[in-house]
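For reference, the structure discussed in these notes is given below.
Labels A, B, C and D are assigned to the chains in the order they are written; within every chain, residues are numbered from 1.
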């Protein structure tokens, strides 16, 4: 059993085991309802940060799908620093996500923050996100592990890469290796960006683990105008995918407007990304328009 | 209702409301089964990091009580970076804590990490700890808020003081203002100490909130030999209490041995703390030996 | 010779040698024109951040001397982030310092930033300060080492304690062991204080080196109202001295007003510090009023 | 005059003036003996970290020149944390650099750490480097400004981008706008890389200033195997050049071996960079073999 040698002695607790690259040198491809993450194609997951209404969600989903985005992310339960900030549409948001999934055919990923909600969220989505604030929440990691669902695991705000890999290990230890790691910026002294997107993490993680690694330049920088060039950098450094926030009307977004691209800018970004992907031997899925 | 003005307009989400010093200028005293935190007496909460056995727990509890410790902390559910590290005795650990509580008369505080466990843990303990890894877990904060139990809220590893206060606000918003804040060191570039104990946080928090603020020099430094002098500094800077790890046999502790004091050193430390407390107009409860 | 064994092999470059506690277990007392730093008495060095005028400097010096301050610090050459900020009175500031030294009898410490100025500054002051911005400037450290003057070495903004000790080693390697280390806050993600005063550094440095260690709570916090309680904490944690900014009119200070105490508050602070010093077996020099 | 309005009022000290993008929207191209930095071509500056011997230097220079490197960097005066580490060949190193410059025709950049050495170093090199440890050393910045030489200014270990721009402002204020900024990694809690290369800095700096911005992935990561992919990312994000350490025998390098590429790996890296540069509308100078 994981973590235990056949003689019953406990395995070392200083190195993750199941996520280690040596355990699967060829690398893991995580499939999310037909979309493969970790293969030759660099996947674009795109989203409004929060699900606000049916129109907003469908408009965004259709636009990003037509630009080539493969997976739709939308927040139904939103972790917000202040209890007075918009907390998401919750159950209603889940219903909207499931509806848009049917309308667009796109697989859907959404965050779960509470062990009690894992089952319900699993019934409405194709992939569960464990956000930065919960990367260290081991009961939650075990519960999403037991669900068997694909898991999008975001790096904690100041998690070392060791801690990040151990967090994934908690999921794999439940028999679920459908885990995608997401670098989303770390907390440093620098305040001109919301976080410091740590692209060093991508090659370091790819060397140490067989799991796919994607990058979230929207949270990583906090500025929409930085997202395209950091996205190019992320593809160039070897990321297996991108998670980019898109909103039809960023100025009036209920959450994270300043870091959201408009759909038309997202489309331009996608076109600019293709040659970079090709330059490093990867490709980006074709737009449907 | 909290966060909403009587006209129905939403309150600002950039400032916490209920925890604000202005809401209760005289300061809150949190009572935990007869022990008052936040008054003139600086409270000592002491603990083995993890509950390992009945003997270990009772021996430690009796010793620290006789040295003047008021509250016993013990970990039944232990959040550990590696899933292969000792995870605590769990339900059995809760039973042991409840037993030692009866034997010694000391109130007991223990950590809860899972919303589904709040009720069970509340039945065995006098105070619930929300640890650093879960400070950003809003569903958990709401659940411990609803429990009505006193809450020991530890600062997240890289949480700003704003985020720390907002985390407490989540608890108070449920109608529970029995919250004690605990500074336990932040994550910095400096690696000679486990964390960087941030004593600046104490006066800054005391100015901004009416809640009591205590300090954990054991996690804050990671070195047992640093605990006595940082404890003196914490009392001098105005902390309302200390959370200190004590273990009868640190070399063989299942968790956090290097930062645990032996009971006899803890006793010396208590004696050295008294004149410091008096020098700043506070006192420390008398030893019972 | 320092760093070389008798056989000519180079000494390890991973550990400082001359500053090591083992090289002088009893500890070094640095004498600055009659004032001893590192002995039983906790020294108070006090200063306006910048020398602005003869009146301001003499008024401050007289006031802090009467409250018990032993050494006067004043900035003649001021390192400022912006070239458009007040850069100090330079040579004129040195003359003013030398004049106030004569008037008050207090030894004077001032910063030197340029190897070419070491001789001139040495002629006007009793102690040379190497500031945070120059802690890594090895040619400057060697030059102040060669001067034979007492050196006040401030920790770099993000210097590890290893780097800090090696910086001191550069001075001692020139045959000058009159070095006083000063913790002044490190750079972290936390923005509510100007820096994060790292009091853990005090016991860690005292264990590793025989050099005296003092604390600058003014730069360490950036808020004058935090200075008294962090000063108490610094004394309680074992600091050999304090460096505190005082200004007769903080609102109109040309530099660092928000972190400067008024002389009358400094006097109150000194009175509050005495019992804390006594509580930890130290003393603070008596006021002269 | 810079920083003063015509009415004599002092300019704001909260924003740099001369380096501001608005002062020269088209961007500055810095010419270093025929090589242009900041134009369409992404320049490769390559170097052994320290100059060790004539053979090592010439072999490295010839190899990297043949792979397309435009400028040679070599350390004659080496700032080392420990005074017992190799400190560079100093004056002899300068002579060697000047000799290799003649032999290869490559312009040479080397570090200066002492105001007293600016003239001498200027006589032997084509560009002066101000290293991370001296970014805050304003007298040095002013002296290199007055020299009129092109300046390679590296970001301080924990310098904010504001401070970085102000450091450049000190140089420009002396009438010298031949400044190239270099991102080289910042200090964070993450310890698996030597520093955290902050690629967010590139677009943020390019937006705020007209000066060219290059990237040093060798110091930024500390691992030679990470250099190629971070170099690709740096080009993709918009860097105007790269500074890459190359050593013919990294295992026996006197400084920074673990982060140095062998010449043959550097050549492969250059070939891989070309399509990435083209993908973002740039080019890389052709190899001469």
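Keep in mind that, in the parts below, a contact is a pair of C-beta atoms (placed from the backbone, for glycine too) under 8 Å apart; a residue touches a chain by one contact, two chains touch by 3 or more.
As the structure is a computational prediction, the values presented were derived from the model and not from experiment.
Asker: Moving only to chains each one touches, count the minimum steps from chain A until you reach chain C.
Answerer: 1
Asker: Taking each chain's centre as the mean of its CA atoms, which one is farthest from the centre of chain B?
Answerer: Here the answer is chain D, farthest from chain B.
Asker: Where are there more C-beta contacts: A-D or A-B?
Answerer: A-D
Asker: So how far apart, in whole Å, are chain B and chain D when each is placed at the average of its C-alpha atoms?
Answerer: So the centroids are 48 Å from each other.
Asker: Taking the mean of the C-alpha atoms as each chain's centre, how many Å separate chain A from chain D?
Answerer: 35
Asker: As a quick test, compute the distance in whole Å between the mean CA positions of chain A and chain B.
Answerer: 33
Asker: Listing for chain A: what residues touch at least two other chains?
Answerer: 158, 162, 187-189, 191
Asker: Draw the chains as points, connect those that touch, then say whether the picture is a line, ring, star, complete or other.
Answerer: Chain contacts: complete, every pair touches.
Asker: For chain B, which residues count as touching chain A in their complex?
Answerer: Listed in rising order, the residues of chain B that touch chain A are 2-3, 10-14, 16-17, 79-85, 113-117, 132-134, 136-140, 156-158, 162-163, 166, 169-170, 173, 187.
Asker: Any idea which chain D residues touch chain B in the complex?
Answerer: By the definition above, chain D touches chain B via 158, 187-189, 191.
Asker: Of all residues in chain D, which touch chain A in the complex?
Answerer: 158, 160-162, 186, 188-193, 196-204, 207, 220-221, 225-226, 229-230, 232-238, 272, 275-276, 278-280
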